[in-house]
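One structure coming up, written as structure tokens, with questions to follow.
Note that the chains are named A, B, C and D in the order they appear, and that numbering of residues resets to 1 at the start of each chain.
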């Protein structure tokens, strides 16, 4: 046991310490701030209060926006899974050798480009007279103009684009580990494609799908850049509201309280799903 | 394995180089003037830095902000680092009260005398007899319009609410400006609006008009370039830059209800390591040659220097529309707001935006 | 090559005793089978020897050396896993060479020994293939070659043939035994398949609920099970319950519950009047159509009714009802069938084939 | 379905997805060659942004800083994250759930708030600002991604291979480098690529934690947005994407990281 204990210690302590210094302690400080009546370092004396948390419940639009952000997160995660899983399946089980490596790289690489520039590029695609519009008119000249920029769908497209690589990647990793002989065996037993998909591939690749969904859902709930630039008057989210508390009015306590409420909601949703996932697929 | 090893090695080398660069940056403090400002807001014009460095032998180092609250954060966490800080005059009092900036010995600023006295000696900058900021530039936030759509310039703010331009307004996503515009449009004092419900009503009524809510000058320029907006609320100097540099069909008005104006001033940070250098830099920044240069490259606001103003071309929008004698009385210079006001403005504006999204 | 001594080893998981005071000795070069139902502790013992499990109490000695403090990788063992655990990213040769190369053995020697190992398992020419490209039986042989190539002190086999189909399994059993004889490594086999254990092992230990129920040669275990569990687990057994009526030396007369008397012969600790459970192996019994045709040396005889006759090829299995109890009898497929379903017959056996067992 | 043949339909689908992913990248690159500084159309070809970039020392230096920082982050985050993922997958221990929960804040709390919190804490704890602080932050933000990505891969494999290696005489280190790592290499490489991306595009924390005078590419880009950034940014982004693409494609010729076929 001692030997194993040492290994665990050596494997986890660096990460533990790193996260403690860089995340836990700063967040603890911020958590403390969220109970202050005024911003620290300001001229006004600050006292402890629960008002910042109460604000969330007293102003109707906060809960409206929180719910909106969660719906957005679910929608984007679902779309990413819908688009990304088949792509990962093709990559992992229909391709091999150099092309598989190359295409996988091509999926991840755009992630290295600047998010702001990517978003501005989307504005050129989605606006009236933009690429989509012109493509539609090239085929159907009489069609009405289709500018979907500055709308809810534009936000969704931008976010799906930002997070799709996560989903493809995590699904790919799980799918790639499935032994093809398992599938051959199933086929030998007379299973059809959709049965194989449902009974073998989906359950076995579920860890990847679940991780992909978490990595998509969680950050989308707090996203502010894509909604703000692509959403027009639809662009307000919980993320932008929190951002404004920090950048516009220097109200760290309220901004922090709102973030912790959002974090709490996200963790609660994940906690609700966790036993379900664990029981069924031995996740984690 | 070799690949992993070589990756690790190159990364270690990278860390070493990084640490090297950084120490170099932190230790070359002598003979420097450190400026905290928005990026691309005059002080970092390459030709200006070159001229100043040549004249004084001092090196100019810039650090940038993306919002005013950030200025305060940066000053707090880097005490004794910055020399010159560019602040909107509405924030100068607060910075002075928090002890983040120090009084300026105006006798060392040769150009101090030729600044517009109204701007120079306003109570926002001259606090209890001490000058905490030297007024530098001023400009407006107003309504700009597409000159192809409007052969005749509109005259009233009401055009923003005109159903004819539904879905064609690009509004600056800023709580304070939004409230101030709505206050002007409803005939209230933008510094102390009495009827906030009226302002809420007015802003809620914008819903069908709004095409996009923009936050940075860059976003706005891209919107206008793509011909997304017939009307927008925007800084006047950005409008002029778009018209002159990007050749866009655009101009702005000072509406009959008025326009919002801002003043930026230069302050010296508390415990600035190079006060002399800071004074020299401020003096250069309010000089005629600097303004001349900035006007030439375009996008300059209005100088607080009486003599420099003459450098604006006769045809410039800034001169003919904003600084026109008949428009000047309609400008409402932003006064300082209390924290409570800022918070209530933001709450109001967020509530309005939430209803836009419903 | 070494002896393995296991002394008083116990291991608990929570309230469950996976190993309960187990003591065994494996002789040098011996092929030892650990047999038992799943969860009986046999795998836990194997993994304790390998080092994956640390016993709570007791000691394990290999070649006289206590190995509790020796890390797995210095225990000098070879192991074949149920799913073979071949390294998918290595060729067959590299798989086999792995144990040699981590010990820092020279390239040339490795090459030669891998060649030998491939020859040993009759896979010459397959060295460059990937494990995925081999059949199940071939993968099994690679796993075996990999485990023995570094001449470990002990070879551990964890259900090595479990993943193969029946024909291949029988063929591999023979090969496995041959190879083990050839390399002469002390070998421990874990299996739940009694036939496999009997075929391969020099000696067998039968496990149940964390304890060794009985250990001995396959013949001892099969012919003289000491308990009902062993008798039942090792092949098929007919059980009778009765009471010792009379005892004289090694001879005993037992009266069954229905009043019939049965003779048993052999050493026993049972006193007169004690309750007793008897086991008779189905192949030790004969079926006779009439009392007269019962073989004369069969001291025991009972009347029964045939319920089912199952033709098995080399033998025939009769299922009979004998005074309410179900009895199975195997007969060689030599003579014409002695009874038809529904017929009344006699079953008989020798007194020495009656085995009294503990409950 | 598992035949390694590529039907037209699945290829078409993959290309469609790739097209979706690359659409903005293509446009970004095209705008680097467009004369307008504000993405205005019609398109007029010009290389002036590349010429201006060549003489823009600040942007070039920022770009170089970004590459170095991202490289350092990639190595540290990948190594630490892989270690932790292994501990998660192979052992049960006290504090495991706590550590797993600790992974959520860096993903779930908006980076702006995290960055502010880091700035305050680093300032008062004496860690200060600078590249070391940026590295501290970037690694913390990358770790959760590395751990889940590598973890997903590890979960697909049992402990058998590692046990087999141990019985064959491989020490834990030998086992790790010769068995575990090659098996999970696809996951580790993918995680490394992500870690690089997270750092390379990391604006908020870099911005808050960079001392004056030391900037990275994203910091330069965001600081420019009040006045408007020029397509020089597109030009440098296009160059970086193209160079890394060629580099990685070349590497993948020699090194398999998409997994064993």
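Here are some notes:
The rule is short, and it goes like this: a contact is a pair of C-beta atoms (placed from the backbone, for glycine too) under 8 Å apart; a residue touches a chain by one contact, two chains touch by 3 or more.
Predicted model, so just to flag it, every value in this text is computed and none were measured.
Between chain B and chain C, the least number of touch steps comes to 2.
Centroid distances built from C-alpha atoms place B farthest away from chain C.
The interface with the largest number of contacting C-beta pairs joins chains A-D. In this assembly, the C-alpha centroid of chain B lies 34 Å from the C-alpha centroid of chain D. Averaged C-alpha coordinates give centres for chain A and chain D that are 15 Å from one another.
Rounded to whole angstrom units, the spacing between the C-alpha centres of chain A and chain C is 55. Of all residues in chain B, those touching 2 or more other chains are 66, 219, 222, 226, listed in ascending order. The multi-chain contact residues of chain D, meaning those touching 2 or more other chains, are 39, 41, 116, 120, 172, 222, 225. Of all residues in chain A, those touching 2 or more other chains are 120, 124, 129, 246-247, listed in ascending order. Contact residues of chain D toward chain A in the complex are 1-2, 4-7, 10-11, 13-14, 17-18, 20-25, 27-28, 31, 39, 41, 80-81, 83-84, 86-87, 91, 93, 95, 99-110, 112-114, 116-118, 120-122, 125, 127, 136-137, 139-140, 143, 145, 147-149, 151-153, 155-157, 172, 186-187, 190, 193-194, 196-197, 200-201, 203, 217-218, 221-222, 225, 233-234, 237, 240-241, 244-245, 248-249, 252-253, 256-259, 261. Of all residues in chain B, only 1, 3, 7-8, 10-12, 14-15, 17-19, 21-22, 25-26, 34, 36, 38-41, 61-64, 66, 73, 77-78, 81-82, 216-219, 221-222, 224-226, 245-246, 248, 299 touch chain D in the complex they form.
Taken together, the chain A residues at the contact with chain B in this complex read 38, 41-44, 59, 61, 64-65, 68, 120, 123-124, 127, 129, 150, 228-229, 231-236, 241, 244-251, 254. Residues 160-161, 163-172, 174-175, 178-179, 182-183, 260 of chain D are the ones that touch chain C when the two sit in their complex.
Taken in their complex, chain D has these residues touching chain B: 36-41, 65, 67-69, 71-72, 74-76, 116, 119-120, 123, 129-132, 135, 177, 192, 207, 211-214, 222-229, 251, 255.
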